[in-house]
Amino acid sequence: MKEVRIGLIGTGFMGKAHAQAFQNVALLFPDTARPVLEIVADGSLETADAAARAFGCRGATGDWRALVADPAVDVVAITTPNHLHHEMALAAIAAGKHVYCEKPLALTATQAKEMTEAADAAGIKTLVGFNFLKNPATGLAKQLIESGGLGQIVHFRGTFDQDALADPRAPFSWRFERALAGSGALDDLGAHIINLAQHLVGDIAKVCGQTQTIHHERPVAGSGAGYLTRAAEDAEMRRVENEDQVQFLVRFANGAGGTIEASRIPSGRKIWLTYEVNGTKGAIYFTQERMNEVQLYRSDDPSTERGFGARASESPRGL
Amino acid sequence: MKEVRIGLIGTGFMGKAHAQAFQNVALLFPDTARPVLEIVADGSLETADAAARAFGCRGATGDWRALVADPAVDVVAITTPNHLHHEMALAAIAAGKHVYCEKPLALTATQAKEMTEAADAAGIKTLVGFNFLKNPATGLAKQLIESGGLGQIVHFRGTFDQDALADPRAPFSWRFERALAGSGALDDLGAHIINLAQHLVGDIAKVCGQTQTIHHERPVAGSGAGYLTRAAEDAEMRRVENEDQVQFLVRFANGAGGTIEASRIPSGRKIWLTYEVNGTKGAIYFTQERMNEVQLYRSDDPSTERGFGARASESPRGL
Amino acid sequence: MKEVRIGLIGTGFMGKAHAQAFQNVALLFPDTARPVLEIVADGSLETADAAARAFGCRGATGDWRALVADPAVDVVAITTPNHLHHEMALAAIAAGKHVYCEKPLALTATQAKEMTEAADAAGIKTLVGFNFLKNPATGLAKQLIESGGLGQIVHFRGTFDQDALADPRAPFSWRFERALAGSGALDDLGAHIINLAQHLVGDIAKVCGQTQTIHHERPVAGSGAGYLTRAAEDAEMRRVENEDQVQFLVRFANGAGGTIEASRIPSGRKIWLTYEVNGTKGAIYFTQERMNEVQLYRSDDPSTERGFGARASESPRGL
Amino acid sequence: MKEVRIGLIGTGFMGKAHAQAFQNVALLFPDTARPVLEIVADGSLETADAAARAFGCRGATGDWRALVADPAVDVVAITTPNHLHHEMALAAIAAGKHVYCEKPLALTATQAKEMTEAADAAGIKTLVGFNFLKNPATGLAKQLIESGGLGQIVHFRGTFDQDALADPRAPFSWRFERALAGSGALDDLGAHIINLAQHLVGDIAKVCGQTQTIHHERPVAGSGAGYLTRAAEDAEMRRVENEDQVQFLVRFANGAGGTIEASRIPSGRKIWLTYEVNGTKGAIYFTQERMNEVQLYRSDDPSTERGFGARASESPRGL
């Protein structure tokens, strides 16, 4: 089987997710090319080395430029904080590597456009880490919409609420700095639901939105502090520079209207990535918290049997 | 419009429910005969009088035999404690009145048979208070089963759990006495789900069951104490004579298997009257806690769209 | 018990709902003043007479001004199409009657303000038909918010989607005419969710919205055609003058952000009146389709037990 | 990090599941011993070789006895059809290997007891493939029960319904033969829910059950036909020797009552492994179809806030 050799930059939460996915491909999709994790890069050689051992990967480096230059690498996977994506992706493209970059693609639309144009000019393949797009539930939604099964699409309602930062004592991190993260809930969470909106309903023609920052400062904590850490009561405070929640109206090119919202501080929602798509002949509802279900309504069903139904995938067992 | 004149025996919780239903008929079903509450009876004239005023009813009596004998009464509705049903119904039948009797019909099968035979012999009409049977959701279930839409019915799972007596300090009442109530959870709650099982799947050929009494004694409280009252800590205790919960296996005449359960002490279930009916071509699930929904699965649906769906009634609005 | 004598204008769908509610008060709330339906008015004496018989009401008139002038009437209940509310309410106020008027209160804010000021000046009591406000679930939501149990309220998301007019063959009616109905989904459905938003989160400081009309014309059908009627294929078409769906951003006076949406043409939603209120210490979610449940999340719960929970009212049974 | 060397017998559906789990351990549990898949065995060397490549495993053999004898193997994992478990496990135990065996452990209680005693005598470690036991939701259930948070446990209701064989054209396989599979739905599915019942409520003292076979014969199909295959209409038919569905009453040693059911032919249930545990102070409900949720009711909650709540694990994101 053909192998695709991966160089992975960033070995934190998302780096691990990439590593695990790469190593499971052979078992789940035996007939496709097999990704092989060739080398990992992180801020220090020590961190990279430890990750390489955990990931079952041969190479490690503390210098991402070395990884990009490595002739053994076919694809560069970028899972670093947002502000690094632009520079790393451009370097990888310049080196002739295919690029798999996490979202948000860049801090600004200008940067993203530059990256896209460079990739097109170099003829390399790119992928942005919109993982939710690949859920079979969304595949069914897409297929129903494209086949006309829902009629003319007239409305979209999407949310991505996740309470990871709901606790006001969750410590300050790069995610709250505009120079490193760009916007807040919009970039980190909203990117996914905007992606799904475009995937399902098409181009967005107009938007109009508002943002709110609720927790205006966050405690400064030790370098290892993560989302779920609660900082000490006497920790020094630092000002938050981007939004905790965002809501906006959308008008799609096809005339459909709708709303999109994202929040990093809702109470209780764990992965409340939801969409409801309304068409003149049916509707579909999905939430990632019940990721194996699609609620589908078809106006064409017999009148006594119409209803939002949890459509599940086939029974998962084989012989 | 033709009137049907009702004599109502019992003016407590269930008596009120009957009275309210009678008075709403004209608005909801304008084209049917109109029930008119003619007279109410209760243990004392005072109680009956107060109820008559609340129910907007002309007559009242402290003697149920007078109500049964009243020539103005067409139908006798019996909503008294269980042990009185047999005597009252037989008296009403003897007086040539139609009988609408609450469940359980009697304390024993022998009594119930006697009542049925007397009614048949007298040529009067009878109705047992199996109100849940009339939910349109169950109407849809029945229609799907009868039309063959679910294929051969092979399994039934039914429950009626209601936490009205879950609190061990809920006071002793006639419901805990075998002579007055008959059995416990089985008669009070199980009767409804057995009724639905027979309605949907047909006759039950065999049963095998077990019961448990969990709270073996209950505090004696004042006469007005109801289900949701909590008796004083120093109240005198009295022994409970019937079961708190019951489970049994059923084998239907058509070969289908299943289970039926009832509990008056579950934690948190308010009106957990549920059934799941499995056929070779589909299945249906219902819970009274979401009484406007039926979960329906059809094997005949397109394979990508099969799923348990909440089938709701049409939008309730008229012009 | 004190009686309150009602004069009801309009005997259609909503008039019936009022009549039924009035007649059930005595049974459900025995200790309050008792409403008595004294007289009903409709467009013709014949219609009013038929309704009076169905409603168990003594008087009937084809002239609503006679009803307003009737000295036996304490309260005038107005359930007519929207454009009539203003004139009728002002007349009732002028006659010194208390006024219970259906929503939307008027066609314009100017009209509504005039009505409110007239009532204030006359010292009469008024009530707008925001029935959903009285659901105990919303009572719990309100109490949790007011007690501080959800912390600072930072977000509101509300919808009212109802598919009553989803079928493009649902016939033209006064609801599609701007002069008679005012706006479309916003007035008819949105009024309720705006009401709940204000009730739960407080005054709305700013809005920004968009509307879409999806079915630009509707078939003209016979005068008795209602929401659920489907007009003949060859029926004459008439232009729809107001919106099928609306979405808007809200900014509350307290700084909270959010979205409100309404649609009269969604697929499959029967009474999708929903709200989600997010606070810094908890959140609450409600949908009228499961009207006995409130989903509540409390950050103060033990960490292993936090979760959105369906909080139901106590078991409904009495003795 | 210490390595544990695995020899895996069986490379079908369940063998793949084991292989995938072993390879993900290092990423998810970096601080535990690391399983290394040393060698796989299957019915032919060819099959084993192909699996070894897909699993990223060095060794392969067509002779499971060679695998058992391999000194490089620390643990033998058995994922073959049921009738082989007994012989293979005893051989592995005799060779001093630890044994990880799929459920059902054996065809009879006598066999299972023999295996257990041999393992105890040899001082080796064993594990049966009751994977659902490790769902954190069940961990929470267990903890709540053990801590007394639900009070005295009085009732258990468990099901495992899976529609993998609901289609009567699903082909005959070893699962329908008593000599190879033992019982049907009981062994294949019921084993899991019995396991959970014992884990959560303790030993079962008495049972009383019934079984039904609904599809009495199945079409014989090609050797590669699996659960989801549909056999040709003219395929030869073969008699099914074990039950399609089973229901039984249970009485636990602690006095609690309940029911357990399993079906391999329900309509629409994909992995309807559910349990409801009732205690005198609370209750818990779980279904594997919504595997990230536990519905929990606590009588100790404030009375206005009691309710079955979907308790979810903490937000899954790290830094």
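A, B, C and D label the chains in the order they appear, each numbered from 1.
Rule of thumb we're sticking to: contacts are C-beta pairs under 8 Å (C-beta built on N, C-alpha and C of every residue); 3 or more make two chains touch, one makes a residue touch a chain.
Being a predicted model, the structure only gives us computed values, none of them experimental.
**Student:** Look at both sides of the chain B and chain C contact and report whether the same residue positions are involved, with over half shared, or different ones.
**Tutor:** Same, since over half the interface numbering is common to both chains.
**Student:** If you average the Cα atoms per chain, which one ends up farthest from chain C?
**Tutor:** In terms of C-alpha centroids, the chain at the greatest distance from chain C is D.
**Student:** Report the inter-chain centroid distance for chain A and chain C in whole angstrom, where each centroid is the mean of the CA atoms.
**Tutor:** 41
**Student:** Averaging over Cα atoms per chain, report the distance between chain B and chain C in Å.
**Tutor:** Chain B and chain C have C-alpha centres separated by 33 Å.
**Student:** Measuring from the mean C-alpha position of chain C to the mean C-alpha position of chain D, what distance in angstrom results?
**Tutor:** Result: the chain centres lie 53 Å from each other.
**Student:** Mark out which residues of chain C touch at least two other chains, giving numbers and ranges.
**Tutor:** 268, 293, 306-308, 312, 314
**Student:** Taking the touch rule as given, give the residues of chain C at its contact with chain A in the complex, in rising order.
**Tutor:** Per the touch definition, chain C meets chain A at residues 150, 152, 154-155, 157, 159, 166-168, 208-212, 214, 244-245, 247-249, 251, 255-259, 261, 263, 265-269, 278-283, 297, 299, 306-308.
**Student:** Chain D touches which residues of chain A in the complex?
**Tutor:** Within the complex, chain A contacts chain D at residues 12-13, 16, 19-20, 23-24, 26-28, 30, 53-56, 162-164, 173, 224-228, 268, 270-271, 289-290, 292-293, 312-319.
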